[in-house]
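Order of writing sets the chain letters: A, B, C, D and E. Residues in each chain are counted from 1.
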Amino acid sequence: MKEITYINPVLLIAVPLALAFIIPILKFVWEKSIKWIPVAGFLFDLIVSITLIPIVLQKNIIVKIGGTTTPFSINLVVGPAGLLLSIMISLAGFLVAIYALKYIQEGDKTKYHILFMLLLTGAIGVVLTGDIFNLFVFFEVLCISSYALVGYLGNRAGIESSIKYLIQGSIGSSLLLVGIGLIYGQYGTLNMADLAAQIKTADSISLFVPMFFMITGLGIEAAIFPLNSWLPDAHSSAPSSISAVLSGIAIEVGLYAMMRILFTIFAAESFMGFLLFLGVITLLIGEMSAFSQNNIKRMLAYSSIGQIGLIVFAFSIATASGLSGGFFQMISHTLNKALLFLATGFMIYRTGSMEISSFRGLGKKMPLTALFFTIGTFSIIGLPPFVGFASKFLIFKAALAKQELLFIILIAVIILTTVIEGAYFFRIIQTLYFKESDDKSSKQESAITALIPMFIFALLILILGIYPNWIMKFIHSAASELLNKMSYLRSVLG
Amino acid sequence: MIIVITLLVLMMLASAITACIMKDLISAVIAACVVSLIAAVLFFLLHAPDVAMAEASIGAALVTAVFIIAIKRTKRHEE
Amino acid sequence: MDFLYNYIYYIGAFGLILIGLYILLVKHNLIKMIIGLSILETGVNLFIITLGYLDNGTAPIFSKENLESNMMVDPVPQALVLTAIVIGLAVLALALSLAIRLYDSFKTLNLKKIKEQKW
Amino acid sequence: MILFYMMIFAFVGAFLIYFAGKSFPRIKEILAVVISFLLFLFVALLYGKDFQINYHNFLGFHLFLRINMFSWLFALTITFLGFLSIIFSLSYMKDKKNNAFYYMNMLFVNIAMLGIVLAGDLISFFIFWEIMSWSTFLLISYKKGSALPASMKYIIMSIIGSLSMLIGILYLYDLTDTTIISQLSHIIRFINKGDVIFVVILFSIAFGIKNAVIPFHNWLPPAHSEAPSPFSAILSGILIKMGVYGFLLLFYVIIGLDIIFHLTGLTIVLNVLAAITIIFPTFLAILQNDAKRLLAWSTVAQAGYIFMGITYGTELSVAGGIFHFLNHAIFKALMFLAVGAIEYRTKGIRDLNSLGGFIKKMPFTFAAMLIGAMGLIGLPLTNGFVSKWLIYKTLILNGSPFLAFAALIGTWGTILYSYKLIHNIFLGQLPAKFENIQKAPFSMKMPMMILSTIIIFFGILPGIPLQFINKIIVSFGYHPLNVSLFGIVSDSGNLNIINILAATFVIGVLIVLFFRSGRKSVRVDQYDNYAAGSFIPKEKYSYTNSFYAPLDRFLNSFLKDYIDIFYCKSAALIRHFCNGIRKIYTGYVGSYVMYILLFLAVLIFVQLNWSVF
Amino acid sequence: MKKFFSLILLIIIVVGMIYTIHQIPFGKNQSKIGKYFVANGKDETGAANIVTSVVVGYRSFDTLGEVTVLFLAAIGLGAILTTTKKQNHDIEKASLILNTGCRFLFPLVLLFSAYIFIHGHLSPGGGFQGGAVVASGFLLIYLACPGKRINKVGNTISESVGGLIFIILGAIGLFVGDRYFLANFLPKGELNTLFSAGIIPIIYIALGFKVGSELNSVIDKMMEES
């Protein structure tokens, strides 16, 4: 068979890294161009990722780094699941970078752009890597840049949230490292496929303990219920463009890493039942906490917790359709939450307040922003014809296909949370459109560079909502890749 | 040899506990620095000279310096 | 003696991890918590290095005299810890800078008094 | 594909209105009227067609649009009323600012309802159902202020309903492997009873909420009274009848006659619910002082009749239910439009106690309202009479005296509140501030006129709509009714409007003669009288104030909307609980670290001790 | 009470770890990849220091990430600290002895650090350790001469260029030989000589500069504040 030539996926990581390293020099040479660097970098990533789709659909691409023999050097394993997330990351990165052209006005802008790029590069590294310690390193890249970005604005809230996030996050990384150490000590390898080949399934306590450590460590970034206390603070205090990325990308990447470890390395099917409950509890707690919030960003942050709970639930069903639902929900959550945070960003910027009550009458003043916000809300509640409906539909379908009473009860709980979700989101819509504002100033639409990414997100929400079939093939193969341990092994170890 | 190692470990743990209970942050940092230093020695004894060097220069020296700068900038005593 | 030989490093490493986590749990001074983080990280590093030890081994460095490879200790944990140390430094530096800024804004480092972000 | 193009055309049109409205303000109204008329025309032209098309593939589900007699009748009603209420809106919405938004959503609602009745599979049924829900939400909130809690109530109930329907659909899909309605009806008989009942319950929640069957009715009164009046007409006339459509679809098309009425207890429960839905809201309606809220409660009650008809399950009752749906759509829309005209002219006053005497000022509106009320009560020669006759008759014939009695009580109550409505608005004294009130504009009169004509027309010639309904019930598997142009012929008694017409004519002549023979009435000035030497204050004098005061006092003490109170209490409880739950995010890092380590420690502890995983 | 509870939690966690440790006997363990590196490392990479061959050879991608983390820390620190308002401090002069001693020591420290990172592939040490030593040299100067500051432009450039060299060397590997990222495409040379091990010393030198200047900028930022 003829070898197909393709762009080496390692460039997905290397190019943004190189660009990030160039930025400090550019500051002395050509300062104006700096803010375009992230745009260029993620556009490159987006294009490369998309060109890789047809190849990856046939077989996983194994990228060797620093050596040729497989378990001994680091691999990138570009499978459908990883590529799917990498496309989402570069898409969100690209659009949010465009948004940030105008949005970021204060602080050291150069540093903002560097941190932003590295945040998403770390995320791409996490989803593509096939090595457990490499995952840790990129995870740290992701985490540290998010600590810095949360505190970027330098206000009281930002600093406080950032330090709290940092403490919890570093505990998480230490726990993850302990877990990696325990695994390495027993199996003497760090390659995920090699580990997976040696661990048939998690059965003894000496396997469960490292698994618990790693789950706790990754779970902190993935914002599973008792580990997510940092999230509402961090997401509400960061600049909105960063909240969009943190909510839309960072926690999902954490979740993906966790699921990759659970499914591929440990194959811990018995643990999935527990995660099922954990997901539903996360969902419940998130939505209930969001219910009576008056701070819009905090509300959106809690809603992210809820959505993550739903994704965890979907993954824990541990069937192909459940995983498809989970991946679809990830996509939909990325699009929805990014759109919501971006729109919120400019609404806060114009009104100068995060209180929902201060958004009265914005539907008139910033009609397009409000419209996009509305689309985002409808989608996140799961109303057709938006993408959120398709994802919730898939999850419900997958859960009901199990035909167990347990799932029906859990779904009843999910319905309750959706109702709560609907209640608080529709309240915002009413505030936007149907409450008169006090001041009668004229239109103050968002900047055009902010409207373009919002428009693209909204368009994607609508298109994927109406034609979800377009990506279903990709999502199915992503799901089967994540679920099917053996094919992963074969593709890496040959 | 094993006695020496045991003593080192006990010293390390003792200084870690000291770091925990000291109200004076500078003293606590110094205790933490001692922890790092002894850890560096242990690394060396575990045949990891590279790590020992890194731990000594980074963990013991730089981190301590950064800590002390930060404490100078904030408050010296725990409340 | 045998017990000590087998477990003394683990005792040290776990002791450090335990003390570090304990500081993080109980103390509410920020600098103290960061010290706890640093101790925790040291403990984790010591633990990982311990995993790679080989009885009567040598450092994994070839020199003119030592070209014997089968008694070398495992180099991989050392590489990992090298990375982990640097990462730990990065986190600590960031945490301390945040502590400075926190003190500027709140005039205290007692995290029990810094609870603006809640609920 | 014509159906699909029609839907596409309508959606594009709706968006066009919104964006055209931004740049060319006049064109949006013309567009709205034209599009809604074209929709009506399209649907009307589809008469007698029976086919289905696959228009989309959604996540592996084939989505179908389908038309047959059953959906045609509903579609026709929808587009017709939609068209009329958009015409009515022309002047009602004239001075509102962003009415492009209003027209767009109005069309959305119409299209979504059209989609619901044309849906050929349950997935597209659900999708259109949800589109209807959110666009309705936007329309109810349109008037701001007190409309906001009303729409909130609506949307929350609606989400609960639609999600339970979604679960029902997917559950059904798991059992049958299909969501296409025409296939479901064949496969459903191989499913065991328990599953069918479960599915029926899930769907009934959704349809019951839309149809405002009693435990789920509480969203309806506030929503109807706060929505813009032309939309209230749609809301009351057809939107809530989507629940009826759903029930018909579920019971008679999907599950089928031979199964649904062998599910023990189900029909009894549904019938009792229907009876409660008739009685209880009727008396609540009497107590209302807000014209639109009164009509809203009346809608709940009438929906109870329809529900009674379709769950009772005989030919006559189903036909009566469907016919009553049609009639109710017409006369309730008419009444809402009439109230809307009053509201428009009085600048938003709907309080019955402060109106009165409008008969002189707005005679046309009075006539329309009178005809509507007659239809609502079910007086002979109006369409309501025929449908109620069908329902009563089947109830009595099949030996359900209690249900019949409930229906009868409902009718008495209907008379009371209809009279209150007419009296308080049109009769009595005209308050001084309304001296200069004008007649309703033409664009309001026209829909009212058309609707009034239809009421009388169907009342005299019930055979025409019954022909269509006959075809529908035949498709459900019933024996056809023996319908003539003027009525129904059956073994147990005939209905012939000709006889009634004659009788009415005779009675009318007698009444005229009786009054002519009496003394002439004398007119005096309102304030030209004394009571023990002092003037009566003006407010006291207007006897439209506290109209049914004794009845009020009697009922008020124990007739409250307990269910609504229950829902509100539980919502408050949930809110309180939610507020408590978020207190776990204490703001202190130490406790957060504690959570993390607790999680880890519990996992390890559990695994060490019990090895559960 | 809380302390007691915390201790119980921690003890449970440690007990869990001890259970796992039973699977890993101390001092007997030689991992699969460790054995491979020790056996083949010197032939495949040409570095005498196997840890270096792992850090900069087999697992150099980790190192790239690690450098990025450090870079991030420097940048993040800057982003967080720039927004503070400058406060005036009266600078305390250090004593003459300290001053002179430091000035004398400083070049020696730099020289030592250069030795460390140039000989990273031969002896213990390397870019990180060397960079840390560089930073401690500068720290000495900061302490001794409170007014002195590093040249920011130079520092930034060495920071960026160090990282770029790493990535570019890695990317060149995509086009030569086995065509993988971070391939060691230069001749391996003779074991235990300075010019051996292909790109490893080059990368380590670049890393030394980068780490040194990053740590410098960290210290610089922190000092600026005090």
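Following the convention adopted for this analysis, a residue touches a chain if its C-beta (ideal position, glycine included) is under 8 Å from a C-beta of that chain, and two chains touch if they have at least 3 such contacts.
Remember, it's a predicted structure, so these values are computed and weren't measured experimentally.
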item	value
Separation of subunit D from subunit B in steps, with touching chains one step apart	2
Subunit E reached from subunit D - shortest hop count over touching chains	1
Shared chain contacts [subunit A and subunit E, defined touch]	C, D
Most centrally placed chain, judged by C-alpha centres	A
Chain pair, C-D or A-D, that carries the greater number of C-beta contacts	A-D
Gap in Å, rounded to a whole number, between the CA centres of subunit E and subunit B	19
Centre-of-Cα separation between subunit E and subunit C, whole angstrom	16
Where subunit A and subunit B are represented by their mean Cα positions, the distance between them in whole Å	38
Separation of subunit A from subunit C, taking each centre as the mean of its C-alpha atoms, in whole Å	29
Per-residue multi-chain contacts in subunit D, two or more chains	582, 585, 589, 593-594, 597-598, 600, 604, 607-608
For subunit C, residues that touch 2 or more chains besides their own	5, 9, 17, 20-22, 24-27, 33, 50-54, 59-61, 72-73, 76-78, 80, 82-83, 85-87, 89-91, 93-94, 96-101, 114, 116-119
Residues of subunit B whose C-beta touches two or more other chains	48-51, 54, 58, 62, 66, 69-70, 73
Those chain pairs that satisfy the touch definition	A-C, A-D, A-E, B-C, B-E, C-D, C-E, D-E
Residue ranges of subunit A touching subunit E (in the complex, touch as defined)	8, 10-11, 14, 17-18, 20-25, 27-28, 63-69, 71-74, 107-108, 111-112, 114-115, 118, 121-122, 125, 131, 133-134, 137-138, 140-141, 144-145, 147-149, 151-154, 159, 162, 178, 182, 184-191, 194, 205-206, 209-210, 212
For the subunit C and subunit D complex, residues of the former touching the latter	21, 24-28, 33, 111-112, 114-119
Subunit A-touching residues of subunit C, taken from the complex the two chains share	17, 20-21, 24, 30, 33, 37, 40-41, 44, 47-48, 51, 76-77, 80, 83-84, 87, 90-91, 94-95, 98-99, 101-102, 105-106, 114, 116-119
Sites on subunit E touched by subunit B in the complex	49, 51-52, 116, 124-126, 128-129, 132-133, 135-136, 139, 215, 218-219, 222-223, 225-226
Subunit A residues within the subunit D interface of the complex	163-164, 167-168, 171-172, 175, 202, 205, 208-209, 212-213, 215-216, 219-220, 226-227, 229-230, 232, 268, 270-271, 274, 285, 288-289, 291-293, 302, 364, 378, 381, 383-385, 389-390, 393-394, 396-397, 400-401, 403, 408, 411, 415, 418-420, 422-423, 426-427, 429-430, 433-436, 466, 468-469, 472
